Structures are given as C-alpha cells and as structure tokens.
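Order as written gives the chain letters A, B, C and D; numbering starts at 1 within each chain.
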Amino acid sequence: MSGNGIGMLFRLTTFGESHGAALGGVVEGCPAGLPLCEADLQGDLDRRRPGQNRFTTGRREPDQVRILSGVFEGVTTGTPIGLMIENTDQRSRDYSAIQELFRPGHADYVYWRKHGVRDYRGGGRASARETAMRVAGGAVARKLLATVGVRIRGALIAMGEERIDRSGWDWDQVELNPFFSPDAGAVERFAALLDGVRNAGDSVGAMLEVVASGVGVGWGEPVFDRLDADLAKALMSVNAVKGVEIGSGMEMGSGRGSQLADEMFPDGQGGVTFGSNHAGGILGGMSTGQEIVARVALKPTSSIRIPRRTVDVTGQAREVVTEGRHDPCVGIRAVPVVEAMVALTLADHWLRWRSREGWRL
Amino acid sequence: MSGNGIGMLFRLTTFGESHGAALGGVVEGCPAGLPLCEADLQGDLDRRRPGQNRFTTGRREPDQVRILSGVFEGVTTGTPIGLMIENTDQRSRDYSAIQELFRPGHADYVYWRKHGVRDYRGGGRASARETAMRVAGGAVARKLLATVGVRIRGALIAMGEERIDRSGWDWDQVELNPFFSPDAGAVERFAALLDGVRNAGDSVGAMLEVVASGVGVGWGEPVFDRLDADLAKALMSVNAVKGVEIGSGMEMGSGRGSQLADEMFPDGQGGVTFGSNHAGGILGGMSTGQEIVARVALKPTSSIRIPRRTVDVTGQAREVVTEGRHDPCVGIRAVPVVEAMVALTLADHWLRWRSREGWRL
Amino acid sequence: MSGNGIGMLFRLTTFGESHGAALGGVVEGCPAGLPLCEADLQGDLDRRRPGQNRFTTGRREPDQVRILSGVFEGVTTGTPIGLMIENTDQRSRDYSAIQELFRPGHADYVYWRKHGVRDYRGGGRASARETAMRVAGGAVARKLLATVGVRIRGALIAMGEERIDRSGWDWDQVELNPFFSPDAGAVERFAALLDGVRNAGDSVGAMLEVVASGVGVGWGEPVFDRLDADLAKALMSVNAVKGVEIGSGMEMGSGRGSQLADEMFPDGQGGVTFGSNHAGGILGGMSTGQEIVARVALKPTSSIRIPRRTVDVTGQAREVVTEGRHDPCVGIRAVPVVEAMVALTLADHWLRWRSREGWRL
Amino acid sequence: MSGNGIGMLFRLTTFGESHGAALGGVVEGCPAGLPLCEADLQGDLDRRRPGQNRFTTGRREPDQVRILSGVFEGVTTGTPIGLMIENTDQRSRDYSAIQELFRPGHADYVYWRKHGVRDYRGGGRASARETAMRVAGGAVARKLLATVGVRIRGALIAMGEERIDRSGWDWDQVELNPFFSPDAGAVERFAALLDGVRNAGDSVGAMLEVVASGVGVGWGEPVFDRLDADLAKALMSVNAVKGVEIGSGMEMGSGRGSQLADEMFPDGQGGVTFGSNHAGGILGGMSTGQEIVARVALKPTSSIRIPRRTVDVTGQAREVVTEGRHDPCVGIRAVPVVEAMVALTLADHWLRWRSREGWRL
C-alpha cells in the first residue's frame, strides 16, 4: 500500500505493525530552529499509553520514542525528523486463537482479501497501536504551532448513551480523569457505564471534540484542499472514526440560514468579532480566526468477548470470541490521537499559507 | 491558492469563477478506450442545473459542456480530458449592492482577508457554480466505473425538520420529484417546507445520502489514504457540507460492539455475506464488497433576504440583505455533486487498487 | 495518463492535442495581487510561434491565448488561472498519409502500444504544439519571479556541428536573429547550415543554455526535490530533449576537485562572492545566489522527408516519408519553452522556500 | 525541508544524518507477496560500502540494514517497509576543524544560509552517506522488477581523462574490479590515475552508465511525468551528479534526423525490432521496449587536502584544507546508487502503467 503519509509541506509518514520490530515515523517540513527533544513527544505519547488505569487495555506499552535525526544541539535543523518506538511487549500467543478467523467489524478480512497475506498478530498495521506515531508526529506539529499561538485541545464528550453537560465544560478537568472528560460531573457516569460494558465482555463507542484556538485568518486552500476537507480526511483516517463534524455539523442540515450564519461585528480594534460559531471557525474552506471546532464519533471496538458469528480463511461458518487485552472503549485513548491529527493538518496549512500570504506583491 | 485538484491517479483539476469567462476542468488518468461524448456529461449537469422549477434559483445557466481534448473518434485516448462551460448569464449588477459588504456565513470575508483582493461578483470561486465542473468530471468517473459494475446514486433524505420515511425508499422516485427524494410520501412535506422558507426570505439545510454498489473488496489504502478518509475529504470539500458520516456514522458513538460489528456468513458460493452494514462498506479504510454508504449535512445558504448584521470592508457595522436569485435549499442541487465526489474518489482508488492488486507475484 | 501537471505549490496542468479543439492550462498557486493580462503571456508565445521566418515550420498558429479565470480588475485573485488557445489551423489531411505508419524516432508507436488507440493527427498530445501552454504558464511564473528580481533568459548555443563563440556572447543579440543566438557572428553559419539541412529534407539537433539571475540563496529542497533535480525533470520533459547539464555539466566527470570547486571570498559587504561558477549556481540541491546555468541538447526531429524504414500498424515493413510543414531544427523554437520550464521550477521553489524560510522561529 | 521522498506509487522516503543516530527509510507501495529479507538489501549495500579497498574512503561503515516492518514470514505484506541502519562509526572530532568554515563546492554554506543552523558533523544530511538508504530502497525495487524480467546494471565508463574502450564492454567484469569498470583493460589506467589524484590530495570526477533491460513498452506518463524526465530527476538528485543523458544524450544536439531516428523493422514474430538505440529506449517519455540507457557525470568531491580559499561563518576570508577519510573519486561508489535510482523510478512507473494498462475496457 501507499498512503502512509499525510500533509503536503508538513508531512508525516509512518510505518510499523503492532507486533513487528518497531513503529517508525518521518516528519518532514518542520522549519529549522525549533527547540525539540524526546520529552516534548513523550508527554503526548504518555497520555495515549494503555495500561494506566482499569478503563483501558492491560497491555504494557512503554512507548518510548527516540529521535533519530533532524535535531542537533537541541533544535531542529530543517532536515527530516526520524522517530522510532521499539515494540517491547509482543505476546504473539495472545492472538494465535484467531489466526484463522476474521473478526466481524475488523479489518483483517479485507487485508486478507486485498493482499492475499496478512500479519495476524494483533491487527498488524490495522492495530490502534499504529496511532502512536501519529501522536509523536503531532507533538512536533503542536510545538511548532505554539510558536504562533495556536493551542489544540481535545475531550471526550460522550460514551455510549452518556453525555457530558456542556455547561460544566472545564478544560482543566480533562487531564484529571481517566476519560478526558471536560465535565467532572460526568466522570462517575462514564465509569459506571464502562465497568458494565467491560463486565459484559462488550465494547462501547464514543464522541470526541477537538478545539484549536489561535489560528489566523485564511488558512486553507479552496477548492479541494479546504481546511475542513483536510481535517475531515485526517480525522476520518483515525481507526474506528465513522463520522466527522465541523462546527454545528450534522445539525446544520435541519436549521435555517437566519439562525446558523454567524453574524459579524466590529471588535472595536479595527477587526471583526462573530456573534456565534456555528461554522466551527471555517468558511469556504478557510479559517475565519474563530476557534476551530471538530467532532468525531468512534465505533466500539470489534474485539469483544461476546461470541460473534463469522467465517474462517477457508470460508467456513465459525464463531469468534476475542480474548486478550482490549480497550472496552477505544475512544478514550483516541483523544491525543485526534488532537495530533488536527495539529498535523494545521501545521501543514500554516506552511501553505506562509508560502503565499502574509506579504504583498 | 493551490488545491484545485483531487485524486492521485484519476485526477480532476478545476478553475473558474461564477462570473468569469468560463468554468474549466481537466480530467487526468482516464484509461484509453472508454466511449465518451458530451452527452454523457450533460446528463448529470442537467440534473444539477438551476432554474428548472420553483424550488431552485431562477438563474438560467445552460451549462453546456464542451470536451476540448482527450477524446478521438468517440473514445478516450488516455490523454487528459479538457472540459469547459462558458458562462453566459453574467448579470454582475445583481451583486453590486454587496460589493462592500461581507455576508455572514459566506466565504467572502476570508477570501478578502487571505488575498487582499476578491472577485465580489456572485461569490467568485466560492460560488456553488464551481461544483458544475465536479459534476462534469464525476460523470467521466461514473462512466469508467460502470465498466466494472459500480453504480453510484444519491438522494435527499432530510430538509430542515422534515425527514423521509426510510421504509418508503424507492430509488426510482429520486428522478421523479424536484427534491431527489427517494420517498414519494415526503415530497409534499418538502414542498410545503420550502415554500414557507422561501416566502420568509430564509434558507434551510439538508441531509443527503450516497450509495455505491458493485465496489470490489480491498479498494482503499491504509493508513492515511483510507477510502473513508478520502471520501470524507471529497465530500467535506463540497460547498456548505459541514458533516460527513460513513455507514452508521455518528450513531456509532453511542452503540455497543455486540450490536454494531457486522457479522459474516458463508454465502454458499465460496464467498462471504454480511448480516448488516453498520460499517457502510468500509473496514480499516478498505472496501468490504458491501454497499458503500455515506451521508452529508449541508448548511442553509447564507444568501438570504432576512437582514443580518455584518461589517463592511472598512470595518464598519452594517446590515446586509442578499437579494438576487438564490436557492433556498442548496442541498437539493447538491445531490449530483456528492454523487460526483464519490465517483471521483472511487475511480481513483480503483486505479490505485489495480496498480498493485488483482494479480499475484 | 496522469502526469500532466508540474510543480507542488506553483503548479501548471495542461491538456490538449495538436489537432483537437484547443490547448488549455491551469496555473495554480500564483499569489494574489500580481498585475496580469493576456499581453503578458502573448509576448513569450509569439517568440515561440512558428511561421515567422523561413527557418521554422510554415504552419500558421496565431496562438492567441485567453485568460479564463483567476484575474479580476487587472490583478491575480489567488484563484487558479485558466488558459486556453483555440486551435484554428487544423489541416488534418496533411497527416492522413501516415495514419497507418509509425515514424522512427517519434512517439506514435509507443502511444499506440500503450493505449491501443491514438490520435494520429499531427502527433496529438506528443506534438511540440503542446509546449505552447508551457510557455503561457511559464510567462505567469516569469512575471511573478520578476517581483523579487529574478530574470530568466535562454539562448541557442549550438546547432549541428556549428557552435557559438562564447566570447561574443551578447544577450541583446538573442532577440535580433531568428536563431536566438547570443553570438551575432554565428548567425550566418547557422543560416547556411539550416538551409542545407532543409534542402536535404533532413533535420538537425541543437543545444540551448538558460541562465537565471537574481535567485536568492537556499531555494531547493534536499534530498530528492533538489533544485537541480527538479530543473532536470522540467527540462527533460520538453519534447526532444535528451540531455541536461547544470553548470559545467558533463565536463565535471573529467575534472579535478582543485579546479572545479568554486572558491568563496568576502564580498566586502558582509556577503560572499564566488571565484567561478562550475556548480551552475546550485550546491547540495540548493541555490547559492550565483547565476543558475542549465544546458540541454535537443535531438533532430524525426519528421523528415528522407525515406526511413519502419513498420505499419499491422506489423508490415514499410518506408515512411514525412511531408508537411515541420521545423528542420526544433531546438530553435524551444528557447522560450526551456525558459518557461526554468521559470515554473523556480516559482515553485521560491514558494516552497517562503513557506519555511525568510523568517526565524 | 520536505522533498525527502521520491515516487508516486512506489515511494521511498528517507531520513538521517551522516553522524546522527541512524539512517532510515520507508518503502511504500511494494505489492504483497514478494519474498524479501535483509540479505536481499545487504548485497547492494555492500557494493556501495566504503573501506573495501585503497580507492575509497577508509571509513568503516558496516551499514547493516534492518527491516523493521512490512515483511512477515518471509514475504512482503503490502504494508510499508521500514528500514534502518544504525550509525556506528561517528568520529565527530574528524570534522571539528571545519566547524566554522565552508568548504568550496560543498553544500554546507547553503544549508547554513537556508536554515540558520547546520549539523556540521560530516556533512549532515548532505553527506554521501545519505545514499545508503537509496541503495536499500532500490534493492526492494530491483527485486520487485525482477519478477517481470527487468534487470538493472551500472558501470563506471570514465574517470577524469581516462575512458573505457566500449568494444571491450563485459558486464561480468564490473564486479571483478574496484572501479565497476566493464572494460578490464581500463582498470590499470583507472588505478594509476586514482593513485596520482590521491597522492596529490586532490579528487577526480567520473561518468557512469546505467542500462535497464526487460522493460515493457509504454511505461512512463507524458507530458511532465515522462519516464526520461523522472529518471533525470532521480539521477540528478544523487550527490555530485551535474549532468544526465538518455541514449545518445548531448550528442543528439549535433546530429541529423536521418542518422539518429532509430528505424523499425518487423521482428518476424508479430513484434518490432529497432535498427539502433539512439533514443535510449524512450520515445515521447515512454519506454519503447529497447534497453533503457542513461549516463551521468559526477563532479569531483570538494573535500580535498589541497588548500582552497573560502570564508568562515563570520564572513572572514580563510583557507580550508579538508583532512579526513574522503573518497578521491565519489563516482566509484555511486554505481550502486544510480542503479538504485533507476530501479526506484522504473518500479514506480511499472505500477503506474499497471494501474491503467495491460487490460482493455
């Protein structure tokens, strides 16, 4: 396959299977002179790391990232930044039971049909483990964007039938609970729901929201490489994501123009302020200067202990039960991943914007 | 700006402003030997054309497409297919009233901030008129895909608070009513809603669904160029689209793995059949062989007669009323557009699939 | 085929066959605010136009270019610039004699083998006529680069066994003779040579040199997208070009490091000056600030009146004589074409440079 | 910088500095099912490795490559192939003397001007050491192409003023002498020349030729992504290359059409044979089925012991002498590198060809 890279000017290319020797990534396009060290990446990786509480998989993945190139004497040199995480916890025997089976809702059937071979160990390239490199690369983008005042934060806003109360939104809460919930009041409900799901051997979906503040006006390139289009691609490319919304999203379909167009006012300093943000900070594919708001829905993982009907590689009807250490809600650990995808997309479009704007002929 | 092209192997590049001399497009990558003539394109263009009934803009845009290259003696030659639609109805005076104003919810403010100049005539490049070339290019993709049995159909499934009854879904109805509704029973409700919206000088959003049947197994390239990620980009790039769903979409976020993973069964002929299609025909970013199902929400157009508060180019507070001939529901005419975007994306991934699969080393 | 576009940020995509309805092009990435009109493009097109003297083909191609989009009130708007030249002199009957034959040294055999169909009229897409759009697009790049002081000039330095005397180089002479010769003393020799070649029904090759001055330091991106690598691609993509040199070029292979490395000296103003320019203004794939110097060799055209042995579409041995109006030396009119390719490449790399350099974190 | 990847469908992305932790590469697009192991790559790496005889640098670089992903149970899985070579011989102190100086003819000056920082240890990213990953990636391409009968071989044909006698060309000789000379008779002359150059503390240029046999008809995509254009880019991107020729190359500029167009004849088996190969196997940017022949000239390395005038980072006039272990003729070890670049380019165009050809609608 190709398609292992994303971005035009700021570009991340990744490789690596769940149970191979290592995960790797290459970050191209980071300008020279940015202070960068492994600790800058490790912070986000640790937020994504499993095994930190009872609500995520029991696998232990230290996910220690190494910077192999592109940094010299503490700053980026402009050359590509090579990243690697060695796989240390490769209990392949966990998966031998399903070597001949296809899990319903899992990619292994299509990998096998597409390629004729497949790495059945832990999902191979289709494993959520692949997202570790997105987080590492996204951390570089995040640090770059911080130099121009851009901040990217994500949160879990729903799990199964439980939703946060948006009136209780507090960004500071996000890092204080195991669900990345911005609403402290929802944490107990999420915990109860998830305990029930796990005990039942089931899994549950989730909804996440990402907000980027500090983005300038005019990032994004109509017609096809719109900022929202590239965000949609970046977010939909994350494992398990099945829906992407910008601003008011799907609700736009049932509203009126007189309610949903964000009115504009002088801000008293020569600029413009908006009366609302239904557009999610993007009009005509370009940033408006408001906060950029995106939401995604992640499906429940297909690796569950409840028996499911399926077929095996010989085409026979079978029943499959996925034992092993799986997250009952993959959406939780996806918060740093969707932040990373937004960071990568914004870094790319910031460079694209710089190439032609911010000056006049 | 760059970003006026979409697709890697099957690629459409477009140009042209709403009130410029012409709209144009270049289709690259169509294999040689495909029978093609202007009538093949005109059919879809006519479905998108305004002025055909009281529910769309009164503008008359004959939208007569010319093939300028790439076809010889009735078949494609493998060279790029140049397309052009001359703009014939350029009543620029309709827009002079808003030359100094920014419409809330419209891209003209960000164009002006991004570039320092803007073509204020009818939205320029940001006009929905730009989508005509998507439809023309998509028609080539559609005809190419038909040679391998792929069929792409779209429908309007909701407008404002009105929804179709999915039990009444009949594809044959779609072309028989002005709303592309697959449910004949909803037509009267849509008509009443839209008459009310138009009389109020307002606009209304809509939801569309697109279904592709006949797609083989394994189209799409993990990790970043997933079929669903590329569909999300293609669909989100359409004017006014603010949300994209694949299969069960946003509802996945509230479900259980035991309900939402599509079980698999032997089909009795050596193949596989699925018990449901929550995945929308895509797993791990690759097609499963089921129908591919995508949904989009389009916001109500920002060009309305109800007064809205805004600013002008000097930063002063103003009120804007958009007179002129605007669709009260841009979602209706977007049906052929979203079909085209799906066709373009599938054609590209079919060629990508062909490059490496369908044979064995 | 794909591959009809060149450039990442400043990008030209072209379409059109020699005897089709029109040639077209799309220029993406030109920043907004550049004054541009059709006359800016027509100047270079006229330099390339045939039929202006006895040394080029007698075909009359007015090559009147139209700008269809991207320019409003005399300046570029940042949107893609659509270009079109209608084909007016389509004497298809000139070519009917060779409809069944493949010309040795011409692309029609491989087109036919690759695609199974071919447009046999005048070479179709393989005609040198395709280069008109390169010149038109290159003129936009040239005007953009002029805003930062870059100037691109080309000249013919050899034809067959005749060479210019470099000591007589005078750029002002280039536009004063029909050969683009910078050496007035060589004009008579070129004329005599070419008259002999034409009378013999033969054709002759040529060598061209292009020089770009005013390029800043550091344009070009190692490792693969080096400035010289992209220039080599751009120049080798021109019809009939079979060799590309940068600076001292092929002679570098026989020299010594002590002679060929360009020494550096303080320029007395805080900068650097070089003692020579064997590198042709490019080191490590990046511009040094010196003049960029490239050379190409063009083969003699394969369309000649001297009989040649070949095969026909049924595989039978035949003899072919190409009557009609062909340039005996295609290298002459290629001067504006190679200038255009250098301009397109530099404009792209200037934007790439701007995206990350010219500022500090 | 971006630009660290080459190829559209078969793509190599590299990272790593001469004296960093490691060199790395990602090979995307290799079809599944190709038998592959590290020994397949090591063979070509060993041919490029320094320190094997007195004619190359005395540095010891074991260049042991590891495959980190994309191969399972001995065959490729279709996922990206991650490659790594750890740097083991990092004698940074060798370079401390030139930390403040720019070597004439070397890229360090432009790196410093472009980025404001530079990794002065051994040339950093500009070191010839970067080419090791090209060789590793090229070895994958080579093995893939072998499945359809393509073979790629390179040779040194000139060094300084010494040239091989083409009548003595014997491919078997190439691996039997330290110069990759196909002419056994030239080896002694090359040795004498190089001993003299090294003793003088100087360096010398070289010319290489690469031949690909077994390539089908019609690989390559006009207009801009011609096979010869992409080969020119790939070859010119190799360190020190300053000129690229296809077939008769620069000599085409002085010839006649009646001599240089390769005549065609029936081959008696329904196909075609050519009377000569001045075109180097490429017409109109597409392969003809003949051998593809390319030639490059490499400049002498700028790292020499003869004193050269230069400036330092403060702009002061200085003299520089490059001590340390440098190849007196970098062209020798470049043979496997240019083979790799041809292999990468052909693998990419073979996949591009497969995507649309080799079948009929």
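As a convention for this text, contacts are C-beta pairs under 8 Å (C-beta built on N, C-alpha and C of every residue); 3 or more make two chains touch, one makes a residue touch a chain.
Predicted model only: the values in this text are computed from it and were never measured.
Among the remaining chains, C is positioned farthest from chain A, on the basis of C-alpha centroids.
Once the centre of each chain is set as its mean CA position, chain C and chain D turn out to be 26 Å apart. A straight line joining the Cα centres of chain A and chain D is 38 Å long. Centre to centre, using the average C-alpha position, chain A and chain C are separated by 45 Å. In chain A, the residues touching two or more other chains are 1-5, 8-9, 14, 29, 32-33, 78-79, 111, 114-116, 125, 222, 352, 356-357, 360.
Taken as a graph of touching chains, this assembly is fully connected, with contact between every pair of chains. On the side of chain D, the complex with chain B involves touching residues 8-9, 29, 31-34, 78-79, 144, 147, 222, 351-352, 354-357, 360-361.
In the complex of the two chains, the chain C residues touching chain D come out as 1-6, 14, 102-111, 113-116, 125-126, 130, 158, 160-161, 197, 200, 202-207, 217-218, 221-226, 228-237, 239, 242-258, 260-266, 270-272, 275, 278-280, 283-289, 297-304, 306, 308-311, 315-317, 331, 352-353, 356-357, 360.
Taken in their complex, chain A has these residues touching chain D: 1-5, 8-11, 13-17, 20-24, 26, 28-29, 32-33, 66-70, 72-73, 75, 77-82, 84, 111, 114-119, 124-125.
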